[in-house]
Amino acid sequence: MDFSVQQLSFQHTNGVQALKNITLSAKAGECIAVIGASGSGKTSLLSILVTALKPTGGSVALNGKNPWSLSSGELKRLRSRIGLVHQAPPIPSRQRVITAILAGRLGQWPLWKSIVSLIYPLDIAGARACLERLDLSDRLFERCDCLSGGQLQRVGVARALYQAPDLLLADEPISAMDPVLSDLIISELMNEAKERKITLVASLHAVDVALRWFPRIIGVRNGEIAFDLPAEKVTQDLLKQLYSSEMGMLPMQNHPTIA
Amino acid sequence: MDFSVQQLSFQHTNGVQALKNITLSAKAGECIAVIGASGSGKTSLLSILVTALKPTGGSVALNGKNPWSLSSGELKRLRSRIGLVHQAPPIPSRQRVITAILAGRLGQWPLWKSIVSLIYPLDIAGARACLERLDLSDRLFERCDCLSGGQLQRVGVARALYQAPDLLLADEPISAMDPVLSDLIISELMNEAKERKITLVASLHAVDVALRWFPRIIGVRNGEIAFDLPAEKVTQDLLKQLYSSEMGMLPMQNHPTIA
Amino acid sequence: MATTVTRSYLGTLDPAAPYRLLGIVLGLCLLWPLLQLAQFNPLLLLDPNNIRVFGDFLIQFFPPNLQVDFLELVLTATIQTLAMATAGIALALVIAAPLGLIISYSLSISRIGPASYHPFAQSVRWLARFLMLVLRGIPEIVWALLLVRIFGLGPIAGVLAIAITYGGMLAKVYSEILESGNTLPARAILLAGGGRLAAFFYGMLPGCAQELASYTVYRWECAVRASVIMGFVGAGGLGQLMDQSMKMLNGGEVSTILIVFLGLVLLADYISLFIRKQLE
Amino acid sequence: MKIQANSEAIKTVIHSIGTEPARLYCIRCLITLGLILGLTVLSFMYLSLNPAALFTSEALSSLFGFVGRFFPPDLSDDFLRKIGAGFLETIAISALATLTAAVLSIGLALPVAGRFGLPAKVVARFMCNFLRSVPELVWAVLMVLAVGLGPFAGTLALTLHTTGVLGRLFGETLENYPPAASNALTLSGAGPIDAFLYATFPGIAPQLLSYSLYRWEMNIRMATILGFVGAGGLGQMLFYELSLLREPKASTVIIAMLLLVFLVDAISNRLRRIQMHNLG
Amino acid sequence: QNVLRISAIPDEAPTELQRKFKPLGDYLAAETGMKVEFTPVTDYAAVVESLATKKIDMAWLGGFTYVQTKIRTNGTALPIIQRVEDEKFRSVFIVPADSTVKTLPELKLKGGTIAFGSPSSTSGHLMPRYFLMQAGVNPDKDFKNIAFSGAHDATVAFVASGKADVGALNISVWDKLLESKNPNALKVKVLSTTPTYFDYNWTVRGDLDPALVKKISNAFLKLEASNPSYKELMDLQRATKYVTTKSSNYDDIEKAAQSAGLIK
């Protein structure tokens, strides 16, 4: 799914201007990493793409259409084709892993199927396959409050994979993962994107991971796009500028993360 | 505050053996980083130190005393001297930042003070000072559901700092932070530990950060201690072993995070 | 510097303090006339004469009436009451569940965004709100009289009167329970294209099931105690018996029925505990 | 070798969960559901209810006849003035009773939810159960004897019963709420009251508010007891007018009550919106 | 149709209703050859509604309730039978034993609280109110509170405990209380007794089969307290003998209700 946003701005109800003047577009099949300091607006940007927030200025187009002028049925269908890995997994703690994963496909299932699945999960194999890719298949029938932080985050990723969307958004999908697992998750997300030719946008704090895996990097700073470049063009200087802003100081020399 | 655990093991109610046979001790003023794969037992270990979980085997001693044999009044007093930065900030979303931070010191405040503080916060300056150290003081009176992921995590850190504990535990305190902010947070935690001569134990996924800042590193693997060494003795090989196990594969070459 | 943040709180004063102060003052100003209107005077409770009269009256409650024919009456009334309460609540659920789901904001697709205020969704919601308000706002006695005209005196009218009024109340409380809990999981499902019901089952139910069950059982218990409606339509049951005994000031009978009430309430408490354990 | 040990551990985990946990889990909830359904069906059978009678043409015409008599409402000045007085008195009694009960119940909720240990829990729970298993009418008689006829007796009676109700509802809400946030505070040495105020209360406040306001609505409608204690109020007026079969007057009272309920509903919505997530 | 559905207003001894009407119901069943179904209610209006919509066939009504039913059914409901006692019914006003009030008009000056029974009770509300107004006292204006205790016994309790300054109730209940030496009754005294009026009767719905109506009234007329086989039944009804009655007997009550402002 391709998307483009024009002159986008977004203001939260409390008056915080989270995004301003953002212009951006992506073709189907692209993989993009969004980086930027804490509070710079990464989550807000992804929320707009997933149609969770309506822009207060400018326009969004998903597959060439403005989602906010669609009929509610069309919007629902559109949404079922967009998957988001939330920054904090929005999974009820009393739910079982299998149910949490199956929930990814509720937009595509008829109602009877979702209700029956509550009593007896109808696609155990499919859910297990997704979890297996993230090395967690042995926890399929556990309750989500019995998982560690990183395991729960993987359930969130598995749900988005299970949804099999055309536009896959991931908001810091590896924040609770160890380095090896981080690579595994990102590689799975990239594989998914390549195999199914879908668009992937991931916001990341781990700059090294972003640079290593993603061909296109977007830097966000104070709600504006600081740069939008191929990975190899992202220089140390650019990164320094990107992160210095909020703290009014330069990132330290020799920072291995930004190696 | 010094602590030591002997032959510690812990089994969750669903039968998962999260920790086994852990022996460990730390003197007052030490700074320790705990690293390990997702699900290896870092959170469980910290939970035991903060007396949230009672060991199912072995013993814990905090300041030389077994917390589980204290009277409830003594336990309460002991707990008010232990601070924990939780992996997922346990802050009600409708609470204001200032209230969330003041909550850190409830164990030391008389009841009237905590009640009055709900209506008019009695230590605005103190809370602001903590937040200022984390570069977030302008959000002091905002509601917590108006914060970004990294901002909320900083509120969690600020609460623990405000508590001014003798044993400061931090469970992945920088998972939602950008690289520059990560360094800031860790340096603030280390400063706090040095200035007040308290013990700091932080679990971290960012191995580079751990190695750069912490003098002592503990590797946890499958609920056991894989190594407990000074930072300079932690080799690439050790790290490979530490993280490989769960996935049955070696961490990739040239991983810049583990540079 | 963070330019996105336009406000900066440099003072040491809580910006919310003036509003809170205003709120407290306003509250106190409202409270005073209320106290006057209600002729509030707790000192009356300590008046020795009152205490004596009160004590004299309480003595009449002992011993409870344990005559066999009265106990038989109580027993049939109890069974009848339990049956009517269960049937009434079951019907009330049929009314409440759809209404509650329709009006709950946390399951509202059209409010994601902030709010595109879909006119159709909006009007359905208003209609449902209004219906609910009428169902529970019109007093039970009016419903009862209306139903008596259709079904005559007896349990059907009573059960339906309960179903109607309780349906309206349950719907309101259900929707508020759904709004008060953690709404993020349901929202996430709506965002992934899930429908309202799917979002309810997968996003809200795991977190809210206990609260919903708690409240439903409480309502059932209320139905058991619903003396007013049941008495109006001659549906019998414990409540009516209690009303009559009380008006006749038959202390022994009242205390027997009270004991049965207490037993049923304890039963309800246990049922609630049991169901909530199952949902844990 | 270590990898092997690991997969061993995984196997034991799988074993401990069971081979087909998907089915195992739901048998329990299916049995519970079945039990509830069975009892409901039994209730309907016992009462031999047949709601089909609702749809006969005779029933409908008599229904319309009944409703028709309520129009037009009596809007004479004299009567409106009486309604005005009743309106104020009703608000005063019900608001005061609900407010007092809500405050008391917040205090009771902690022990009811077991935050002060088991003995306190048993005692507090029993107290709530007792307070609410004694019907309002009985409390009204007792309070009349204790403080004399008048609005104050009505206020007290409502307060006592409402405390029992809200104490239980608040307590269970507290029990149902995920304990993570309050555990975090307890772990930093906070006492149970502190932990409640700072961690649980913000989470359950909308729910508590919702229950209190809903109970306020109920108290507004408490017709019988307010008349019983000689305090006018809308409920009593309605009962009076209906007893005298003066439907036009009754309909004015009903409109006033609906207005009041509407008001409470609007206040409730307003207050809750303020507290809710600011997600849209 | 072979079920006779009867009900009664909750005016007197409602706890005993079920027990009290059991023998009467059995008797009527034997006499008419029909199954008799008795439903007690706590609300007067429900009885009137049910008669008006033919959901019940016969009801025991107070004088005022009958008048209301007559108006509601356009005069079709028919009073057929009543106890001899009901032809000369009275109410009493009671005051606490230590009260200084001597006559009804004095109440006007004293203010205070008055307790009635139920709002639609003839002997517990309508007639006392009417006679109070005749004496120049307007209950709505001259008392601080008007309490509706809901039943005659409760009215006595209110006055006995000093919570109400004056109460009005049915003389037959008053006599019963005195007879049984009820402790509350000993703490109050009679202020005045009203003139007589027609009260309770058995009313049937207008379109009930006249033959059946005849059968029922004959059955009642046969009852005599002096006959030992009917003694228990008659004692429960607190009746010595039944007589026929007619609608015009209640014209005075209708006028009283009009002048007391209870009906238009």
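All chains are identified by letter, namely A, B, C, D and E, in their written order; residue positions are counted from 1 within each chain.
We adopt the following convention: contacts are C-beta pairs under 8 Å (C-beta built on N, C-alpha and C of every residue); 3 or more make two chains touch, one makes a residue touch a chain.
Remember, predicted model here, so these are calculated numbers, not experimental data.
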Minimum number of chain-to-chain contact steps, subunit B to subunit D: 1
Neighbouring chains shared between subunit B and subunit E, ordered by label: C, D
Contact pairs, highest-scoring chain pair: C-D
Identity of the chain that, by mean CA position, is farthest from subunit A: E
Centre-to-centre distance between subunit E and subunit D (centres being mean Cα positions), rounded to whole Å: 37
Subunit A and subunit C, separation of their C-alpha mean positions in angstrom: 42
Centre-of-Cα separation between subunit E and subunit A, whole angstrom: 77
Of all residues in subunit B, the ones touching two or more other chains: 14, 16, 143, 146, 246
Touching two or more other chains - residues of subunit C: 2, 5, 7, 53, 57, 112-114, 141, 145, 149, 151, 187, 207, 243, 249, 279
Subunit E residues counted as touching two or more neighbouring chains: 43, 45, 49, 53, 149-150, 154, 161, 163
In the complex with subunit B, residue positions of subunit C that touch it: 2, 5, 7-9, 12-17, 20
Complex interface listing, subunit B residues touching subunit D: 14-17, 50-52, 76-84, 86, 90-95, 99, 102-104, 106-109, 111, 114-115, 118, 143, 145-146, 163, 165, 221-222, 245-246, 248
Subunit D contact footprint on subunit C (complex, rising order): 31, 33-41, 44-45, 47, 50-51, 53-54, 57-58, 79-80, 82-84, 86-87, 90, 105, 111-115, 133-134, 136-142, 145-146, 149-151, 155-156, 159-160, 169, 172-173, 176-177, 179-180, 183, 187, 207, 210-211, 214-215, 218, 225, 227-228, 239, 242-243, 246, 249, 254, 258, 261-262, 264-266, 269, 272, 275-276, 278-279
Of all residues in subunit B, those that touch subunit A in their complex: 12, 14, 16, 35-39, 43, 87-88, 135, 142-143, 146-151, 154, 171-172, 175-184, 205-209, 212, 243-244, 246-247, 249, 251-252, 255-259
In the complex, subunit C residues that touch subunit E: 49, 53, 57, 69, 73, 141, 144-145, 148-149, 151-154, 231-234, 236, 240-241, 243-245, 247-250, 253
